[in-house]
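Dropping the structures in below, format is structure tokens.
Each of the two complexes below includes chain A, the first together with chain B, the second together with chain C.
So, the complex of A and B:
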């Protein structure tokens, strides 16, 4: 018996099914994604196209294989919901009653210390329904409360990002530098924690000078070491003595290095979007923790 | 390879065709695979959210996500924080609001920032500010660019509210509304270029 047509048909069905599933459906779903208004400030669109120099920096990032050691994708594994009491208002007893009546786990609030040291997290790790009930109750009794939604996960705990990455974050990137190995920290939000272009330039030139024991290879070929001469370049990098060139010479970043630094500074995915609801803390945490 | 030959050799020495006395595919395996498929489908149904493009792990349905969108007026202090750190103001006045001596005046404790009526600093931020100015008894003579073209009324109002009410800085002055910024924008339409401190001081505070 000749199985040729059957084999052909089977292969055709299998391939077209995967094409539908992996190419066509995602294209229909997010292929026409555009900037949208974010949830915090509806006047503002997210994401914004990268400025020209930063867009060129993406190509430098790609050409130098930074994606071999760095991902650009933070993972969110959960969400915790807290209710903060900001101000009690004039009638603390009414607020206490309202919170008890909201049926969120308080059986009685008679400790006057409960209303001290505000703002205070009165319902850590609750559900959204309970949070909304407590919020309504507190508000009707004249208190000020806030529901805070905090994305959770190991990446977020490391301050690599404030929320999980979503498709919109990569809207203007071509190609998307997701990366797959984390020899170094995730960079999807590096512009928010390290907003200084000079930090990045020096880090590219001499990582070990900036971060003790850094495993990142220096990228000195992105810099020119040239005679300072009579008119030192205004762009020249201030380098620590350990890695300074011979006296009379200066380290000048090439355009590639400047573009790359501009790109790194533009990597910022801390805007809240519909896909990952969150409440921004009123002060940014900017810790620079290398991968452990 | 050699193993499979060894295994099949003694199976049916007489005939080359194996006889199908019982189903080649055991019935228990069919049942097991069906159950597995069923469990998979149930899991998928619970977690896949119908392939909705806006639903990502850890969320499993659109309604769950919609529930978490806390609607209500956005907190101007949070918008202001973000406008301040765009990076815009932060590059000169610093995250601490302390500015830098002799160059950029502080916003912390500044009498300009904390004026009860915000009319003057709205003007300074909208159109920019240049020339000699005294802030906290220190003289500065520098220039600040105009922000009116960069930010909307809401954002200007939010950032000014943020610098006026920043508790970490010890500032505490009334909030500024977007309507107020809009009104000031109208009034200074005819004023090209940045203001100077002297000019601002001549404007009535409540204007």
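So, the complex of A and C:
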């Protein structure tokens, strides 16, 4: 290659190709999502824009670089399929035979205890085909069964989320801060597991007082320590004595802290969506089981 | 002067070429050295917070999240791109054997660039960062970076255009591509993030696309250009194979530009899968560069006085391989799921941007600076000491992070281990790495002091000719061959 323009052309073609592949094509695929009822089991609109204070809190999260230590993405490593027996119906023997005939690994079921303590997971971690056969067999024998789809993976086992994160979860955030380091826990669903605003305020003020041995730096600049006058501020934080200010003073969260806490509480992407099917354990009536 | 140009100083005496480089390069290198020190101070502050979370936590400007991204951006834009531009100008002027046109233009461009970096770092510390990884500078700072690069870059292209030695060297291919690449990706990213903002996860797609193209493709383009130029020159022998260099170039552009999407990304599965395949394919880029340069190097002796630069360059080459392999590990489905989100990923970035790129740039600057100034360095022994300290420092940061990261990843994958236990088990690794950060800071200070003292020592012999070179109208005959 002895011609500058040829080098230019090579670079141009290479970069445009990657731009088409990784920017334009995904934009067509995921860039045009809108809120919809494209959810499973529920008729709720998803995703929803965050309420005003939480949306401001996102900016506090950005400004202070919380994403340097926290990710916001639950990783799902696949699903496992269980078959739950909900009710036996009138003829337990027929159900037992049907299950054995379904050829899902039961050679014989003669222990009457098998049908006690329902609902019960009778085929944990099975394949979808086996689940369908067992489901049909049980139903034809008058029993009620349910196929449950459970998202899997260490993140889900840690209760950092009930399903993997999907594009829709981030639709209304600007900026989106997925994060790339887990110095602290994943926060994509922190609002679901820690719904108390005061917990978050105190944790921001003095993480080590809330979580023993925490490595999270305190964010006291989000709070004002001011003289408690005649009328103490209604927002004042109840702080443990170890970190309490001098007597007569109170710790009042600045608006930024309140917004940030509101944002943290709003972080919750538990709504089931089609991209990562799952069965809500609580809903015993309707099911999205592929068997139907 | 170097061998090649002193043999055939037919058109221009090398002094004239170096003289035309003096103003712009001293400007770029001194500022780059300043940002390098600033970046290591910021990185050290961030690192010390793992010894005591409350360290400097009272002040919003010094909170971990801000200091951390300020360090990353100072390293990338303050040092890496700036030093890269300086080294590129030198290579272009020397191989083309024609002086840089309009040195004053370069100086203005560099000033605008540094204004961009300064405003960006201040903005991040003030809480005005964008929140996008590697793109934390707000729009106005990015605009200054863009303009500054445009001025310096178009000057560099003019210099290539007006070269007297017409044949292009491999280093030229890499540099021409890099000169276009950076403004394209920077404008592409900022237009889609701030001017016509895309929604939702598309922001992350743009950020990843940019990140891969800057931290892998751009740094590799400039770093490899320096390796392909300086290693043969220091050894006084030609590059082993031009064809193989072409292969490296093509694969870097065509595979490298498709990398950078994390394996865990919550986007449609084809995207991380495609990115993983392309990242795996960059193995051929790594191997071809390695073979080519090892062959060039094997059995060779550096020309006298050039041992330290050669050490830097070869160390950089080794780290290029290591960082590239770690990048492949991070992109693969199973291994990537274990290592991403851990300190292993941080180690990869450290090796790519410091172990590979900065070390190559430092070696190149140590080679260039005495020739630029026409005198020896203020401290001639310093480069070799600097090398050993920097190499140890770099590994002392990266190895504990990498090992600690793997341990952390394996434990994170086992949900029965509580998070706090994992968090504490990484601490000892992080604390060792602080030691490495201290060493790196010391080296960077040595480097900056050396450049500064060399410059001031020959200030009298420096400023006048450089000033004349800057202000003199470049004669027409010299611009147009």
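In the analysis below, the second predicted complex is superposed on the first by the 275 of 292 C-alpha atoms of A that agree within 3 Å, B and C clash if a C-alpha of one lies under 4 Å from a C-alpha of the other, contacts with A are read in each partner's own complex, and residues count from 1 in each chain.
In this text, a residue touches a chain if its C-beta (ideal position, glycine included) is under 8 Å from a C-beta of that chain, and two chains touch if they have at least 3 such contacts.
Bear in mind that the values here come from a model prediction, so they are computed numbers and not experimental data.
Contacts of A:29 after superposition: both chain B and chain C are touched.
By the document's definition of touching, of the two partners only chain B reaches A:147; chain C does not.
When both complexes are overlaid on chain A, the residue A:115 reaches neither chain B nor chain C.
Look at A:220: by the touch rule set out above, it reaches chain C but stays clear of chain B. Between chain B and chain C, more residues of chain A are touched by C. In the superposition on chain A, A:164 makes contact with both chain B and chain C. By the touch criterion defined above, A:46 reaches neither chain B nor chain C. Contact with neither chain B nor chain C is seen for A:205 once the two complexes are overlaid on the shared chain.
Contacts of A:78 after superposition on the shared chain: chain B is touched, whereas chain C is not. In the superposed pair of complexes, A:175 makes contact with chain C only, with no contact to chain B.
Residues common to the contacts of chain A with chain B and with chain C across the two structures: 29-30, 33, 77, 164, 166-167.
Interface of chain A with chain B (complex): residues 25, 29-30, 33, 39-44, 76-79, 81, 128, 146-147, 149, 164, 166-167, 195, 274-277, 279-280, 282-284.
Residues 49-50, 53-55, 57-60, 63-66, 68-69, 127-133, 160-161, 166-168, 172-173, 176-177, 180-181, 184-185, 188, 192-193, 197-206, 208-209, 213, 246, 249-250, 253-254, 257-258, 261-262, 264-268, 271, 274-275, 337, 340-343, 345-346, 412-415, 419-420, 423-424, 427 of chain C are the ones that touch chain A when the two sit in their complex.
Listing the residues of chain A that touch chain C in their complex gives 1-4, 7-8, 10-12, 14-15, 17-19, 21-23, 26-27, 29-31, 33, 61-69, 71, 73, 75, 77, 154, 157-158, 164-185, 207-208, 211-221. Those residues of chain B whose C-beta lies close enough to touch chain A in the complex are 51, 53-59, 65, 67-70, 74-75, 77-79, 81-82, 85, 87, 152, 154-155, 158, 168.
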